[in-house]
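Letters A, B, C, D, E, F, G and H mark the chains as written, and numbering starts fresh at 1 in each.
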Amino acid sequence: GYAKIDHHRSIRNGYPEVIYCEGKTDEHILGIIEKMSQKNCNILGTRVKKETYEKIKKIYPNCKYEELGRIIKIQNKPIENIGKGNIVVVTGGTSDIPVAEEAYHTAHFLGNNVKKLYDVGVAGIHRLLNNKELLFDARVIIAVAGMEGALASVVGGLVDVPVIAVPTSVGYGANFNGLSALLTMLNSCASGISVVNIDNGFGAGYLASMINKL
Amino acid sequence: GYAKIDHHRSIRNGYPEVIYCEGKTDEHILGIIEKMSQKNCNILGTRVKKETYEKIKKIYPNCKYEELGRIIKIQNKPIENIGKGNIVVVTGGTSDIPVAEEAYHTAHFLGNNVKKLYDVGVAGIHRLLNNKELLFDARVIIAVAGMEGALASVVGGLVDVPVIAVPTSVGYGANFNGLSALLTMLNSCASGISVVNIDNGFGAGYLASMINKL
Amino acid sequence: GYAKIDHHRSIRNGYPEVIYCEGKTDEHILGIIEKMSQKNCNILGTRVKKETYEKIKKIYPNCKYEELGRIIKIQNKPIENIGKGNIVVVTGGTSDIPVAEEAYHTAHFLGNNVKKLYDVGVAGIHRLLNNKELLFDARVIIAVAGMEGALASVVGGLVDVPVIAVPTSVGYGANFNGLSALLTMLNSCASGISVVNIDNGFGAGYLASMINKL
Amino acid sequence: GYAKIDHHRSIRNGYPEVIYCEGKTDEHILGIIEKMSQKNCNILGTRVKKETYEKIKKIYPNCKYEELGRIIKIQNKPIENIGKGNIVVVTGGTSDIPVAEEAYHTAHFLGNNVKKLYDVGVAGIHRLLNNKELLFDARVIIAVAGMEGALASVVGGLVDVPVIAVPTSVGYGANFNGLSALLTMLNSCASGISVVNIDNGFGAGYLASMINKL
Amino acid sequence: GYAKIDHHRSIRNGYPEVIYCEGKTDEHILGIIEKMSQKNCNILGTRVKKETYEKIKKIYPNCKYEELGRIIKIQNKPIENIGKGNIVVVTGGTSDIPVAEEAYHTAHFLGNNVKKLYDVGVAGIHRLLNNKELLFDARVIIAVAGMEGALASVVGGLVDVPVIAVPTSVGYGANFNGLSALLTMLNSCASGISVVNIDNGFGAGYLASMINKL
Amino acid sequence: GYAKIDHHRSIRNGYPEVIYCEGKTDEHILGIIEKMSQKNCNILGTRVKKETYEKIKKIYPNCKYEELGRIIKIQNKPIENIGKGNIVVVTGGTSDIPVAEEAYHTAHFLGNNVKKLYDVGVAGIHRLLNNKELLFDARVIIAVAGMEGALASVVGGLVDVPVIAVPTSVGYGANFNGLSALLTMLNSCASGISVVNIDNGFGAGYLASMINKL
Amino acid sequence: GYAKIDHHRSIRNGYPEVIYCEGKTDEHILGIIEKMSQKNCNILGTRVKKETYEKIKKIYPNCKYEELGRIIKIQNKPIENIGKGNIVVVTGGTSDIPVAEEAYHTAHFLGNNVKKLYDVGVAGIHRLLNNKELLFDARVIIAVAGMEGALASVVGGLVDVPVIAVPTSVGYGANFNGLSALLTMLNSCASGISVVNIDNGFGAGYLASMINKL
Amino acid sequence: GYAKIDHHRSIRNGYPEVIYCEGKTDEHILGIIEKMSQKNCNILGTRVKKETYEKIKKIYPNCKYEELGRIIKIQNKPIENIGKGNIVVVTGGTSDIPVAEEAYHTAHFLGNNVKKLYDVGVAGIHRLLNNKELLFDARVIIAVAGMEGALASVVGGLVDVPVIAVPTSVGYGANFNGLSALLTMLNSCASGISVVNIDNGFGAGYLASMINKL
């Protein structure tokens, strides 16, 4: 076996290792799941194709698939609620939803209350302002946006909790596959904002959970 | 003389040629002013150093200098008010003011009513929202912002008049000298926004005037 | 329903919301059309695949498809002519026509007289110069060009009305998917030019209409 | 006065507004301090030149200067200890220290226990491993590194608290002024890491404090 | 025949020319193999599709295919063991294995003892530290990593033999197809590291062999 | 002596080696001139500071300086007129003149009739069209332009002789130090155009001479 | 009819317009050919798919296809030999041949003697040096190379005729689709070299013909 | 003291730590030298300003300065000759010499025979070919070149020992501060070449020594 599964992590890091399925063969993924299952832990897989899920489902009937977020979940023991407050996932447009769902399901599976506020981008700012209570009720916010990615700054200016900004590759032309949103978010003049990789919903969900557990 | 001054432009384009002084020697600039003065037209110079202004002032005592915007104006005949409505110049921060002033004085000298709304960036969105009437009263808006440059999108989502977005080089690090604000503005999901070059306050003021004259 | 349709916009902004269909499923698009139809407003969809149109057509028989520009139009009430003058859409080559048509149909559907002047790029400048009257008769010009994108500068030097420049991704190699035309247009030494995103015919048509209504 | 000071923020956001002094004139900075002083709040200024500090000191004798971090602090009332645990600031090399100090003093002034672990970059990994206890004792970690910026990944793999990564512009050649460290940190395969702008020590310190207060 | 096969190289350079099969037609590849076979030398082909291999196999039954590394080997005479020590190939993740295998089989076919240490990336540093003896036993190390590519620096800080760093295109978003790992490796603050092209396992294996033969 | 002067070149290449003085010390330059002078050939130096010229002048009184083009010429024997037709140097603006002069003096010193047509950029196309005869009379054209660099395309569309395009770093913001003009020129849809490095007037003059001698 | 065919060009420019077929529909191409055929001129088409050729062939039986170079030629009248000397097309590797063939057939169809020297890249410099006579016998050289693109410099250092450098997109990883070869060629320290767009064999062949006709 | 000097390295890595002096204050550098001197080891400093050297010289009279390479050497014990063969440092031009000297003195101080072959760039290939024996006599070669950086490929094609390529920032315009040479070297089609950071003469000298000691 090639992969060195990192069993120490659940002790060291408090969470099980998550399987990043992009570019792995189905056989490879099944092999990793098998090894992890022996430990009876909960298993999360990201960037999973539907066909892959269907193969897994045959062997692990308790496997669930979140189609929009492309996530599989195999729950072998109860999810312990570790989060102390709410995590809110906000998106600029409807095209950002797949990335947002990756964040949502990651944070949820890791034991958090997570709420959604989708399609409230800055070009129609009243949609965001009409939902301020939801934002004010959050302990951590995940702001997901493509194109100009300005959502994170506006949200960051309204609240005083950490905002994790996720640039998405949504858009065309001079968005340069997410570069525009990435740079926008890195240069935010609002404070309390930090950024993860383009389209990295998983990373945002994981970090939000880590903060919410503190 | 090297420079081919474009006297047709005032007829063809309706405006006098403007002198872009960056990288021209004082002698060169004085030579161009001299030729233009023979036509008795109004003269505008951009990106003018204070020392250059002082040399010009000695020969053309009616020359005025706008220090923040680095503009000289030599008014040889009355400015005809050609603008049909208000132009409003908005900035995200205080560091964007020099670029905004270049736009302001350009549009003003070309015969427009111009109003200012400075330091209302998206990180404290109430500052912009508290001044909505000013925006709603505009026929053309110039939105000047550096760093994440999100101001243009928010303004564009509030109004239904043309918004000319001017990215500035204000910021550091991953702003890449204005690239971040430029990309943000080009990818705006609000409609009615178009973009000029980084720090090009002049271009925005000129275009705003051209639209306001329609 | 995920999408928050922005019904205020037709009041606030004077136009109905337009559906950006790239990356949306047919179901999602049909759902949005359904909600919008209840308001009896005119509906425009951009970046629509032919198969999507055919599905829509079955339910909304008055739906029309502009194949080159990939636009659908559902006209539920008469189009009010809001434009005060002509909008002229100019292209450099024949490959830029799809983007130009997106601009053309957007501006037309929003209530403007729009004229076309295609394939008059700078490499054969007489083609443009032979059509000067058409340009001189415009209130707003949309200049669409890929490769070196020089058309906008030449047009901008000939007229004194606003020129909206649309860089296209047409070309290969060092065009870097439209970056070359984008930079050319941003750096234009002609005045009165502003730029929208690469291939954003819709944005140019919308802005042209907004200006033409002033 | 141009600048719109954001007095609501101390209520809304829980912290006083911080003065970003880069590119502001001394007069401008003094004006802002004066207005803020009337509120009797604690004042922090970043990117302050020594000469500027000296001018401020004359008027506000309780002003202190942190030379390496280029920070001024005017403490008008006791600093309330709001942090629940330790913040640890780690650097890869000695050249990253100025950015680290900006983070350190920001977090400290905002009411946190902050510890330092400098010059423990990955090229001599034992230096980091020998100080694991310090890391394990942190509630939030700030990892500051230039050149290849790998420190954040290694730290992130060792701990299970949030790691705020600060890329620095330290290095030469293909570091492209911090781009290399920025990309490294954004692509970290360790979880729980998020990134702020190149050289943005302030942003990291502020966010760390926000998290530590939760 | 178009291709000018470089028969002098085996004399001049000590190794047979290797066939880079990407973008060559099967006919072209077979033609080159035929010419080379007349010299009775050992033949290596890189970036070979499985179908191409199958065609070659029919004509040259002693042809072997390394599927992961996409390499064909036709051994016409014994491989002379020219390497004086061990070459160790290390990878950050499991997705980097194809590139590592290209390096492995190249070095092995050229007459070296090669060892593997896969999936020991910096996010779980203990996996690397637990295998230090293997590293200390190497004469040359090949470090293969994508995403943030930090592995090379950590390895370089542990050993005092040459480390050849191979950035891979593994990752997404701001990895920009391998640029992030490439810049990381070029900016390594550990000494004794040099870099080859993104995904260039062959180049690393060839150079490692060249050094190991010294 | 470090530098290996390439005396064969005047035989092999038909021209004397030219001294590129950027980044060389005065001593170094004088040393090279001394060696070349022993051959009694004509000497050209580019990118020469005025102070350097003044030092050279003291030792070589026949040395001449072209201030705008920053070129020194030491003529030790008559210049043979090798050019068969005219070379015309065209510029877009007045700021491009220094680069144009480098091209002009290079081509002239190498034995060509060279004509100038400066400040005829595309934003006022009549300036170029009014001078068509000059263009039609050329055997080779050098088109020098910064900012959007569209001049080369327009010229290339008018003539049927080779056009050597020289992008300049003139401009600001999104010109990215000449990148915009470079990309424009590389993507020209006019035929017969090729490009040299940004600001490389020398290279254009040399190549024009080489072609004009054919 | 959308396309404005440029019949003046054959008078103005001395050559018939060439059809750039990339991204044009078969119908569009056939329409252009039809119009051109009425003039009885020779027709060249570049970037033509084989299936397109087959459709054309049915209507224009004298149409010929150059498969490697993807060029169609319809010769309606004899090709006049306008070239005064030889054009030599050189490539670095075998993968550059398609681009070279585009150049070859363009120059040949325009009436030139053209010779080929393929696969003589700098990594085995003797292959080039063994063919010096061919180079010395050329009036214009076209140097086609991908990857590091160094061929143009070496050729340029050997000859004293114009070298037209064509960077190709051949390679992978840090070749960034031809950027590496493009930058290499633009920065060549050999004189007499100019560059066309990445993969632009047509442009090089056309320009070479233009020079060879002088 | 901030800096954690890595005394283990001389044991672990076989060499003393080298001081990278760029961006360190003189006091800081002197402090590090003092600590190192207590160990009586040989000390190397890179990127040292002449004024810094002069201060060091006063305290450590045995300190020597290599002006071109900007290196200081404090030799406290005899240099052990560890290199088994020759290292040859080759440069393309004379402007690359400072970087080459950094490599030369580093390798020499670490105990190697080092030879120089400067100014033999590819534009006059005979200069390199005339010195083939020197190359054939090397055990490791360091190829230093700016502009198009093609030297490494040509050298790599001639020899069968490792070539360490050092791109330099020498050049202008589209060299983008060394990017062109860097990409050229990374894409070399010659085998046995690896690359270090732009201008990193130290890294090349250190690695060459490490290989030469094997």
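Everything that follows uses one rule, which is that a contact is a pair of C-beta atoms (placed from the backbone, for glycine too) under 8 Å apart; a residue touches a chain by one contact, two chains touch by 3 or more.
Predicted model, so just to flag it, every value in this text is computed and none were measured.
Over half of the residue-numbered contact pairs of F-G are shared by just one pair in A-D, B-D or A-C, which is A-D. Annotation: 35 Å between the Cα-based centres of chain D and chain H.
If you average the CA atoms of chain C and of chain H, the two centres end up 57 Å from each other.
Taking the mean of the C-alpha atoms as each chain's centre, chain B and chain G sit 46 Å apart. The set of chain B residues touching two or more other chains comprises 124, 158, 173-175, 179, 182, 186-187, 191, 197-198.
Every pair of chains meeting the contact definition is listed here: A-B, A-C, A-D, A-E, B-C, B-D, B-F, C-F, C-G, D-E, D-H, E-G, E-H, F-G, F-H, G-H. The part of chain B that touches chain F in the complex is made up of residues 2-4, 6, 8-9, 22-24, 28, 167, 169, 177-179, 182, 197-200.
By the touch criterion stated above, chain E contacts chain D in their complex at residues 92-93, 121-125, 129, 147-150, 153-154, 156-158, 171, 173-176, 179-181, 183-191. Touching chain H in their complex are the following residues of chain E: 12-15, 18, 84-85, 139, 158-162, 164, 182, 186-187, 191-198, 203-204, 206-207, 210-211, 214.
The touching residues of chain H, counted against chain F in their complex, run 94-95, 97, 118-120, 124, 126-127, 170, 172-175.
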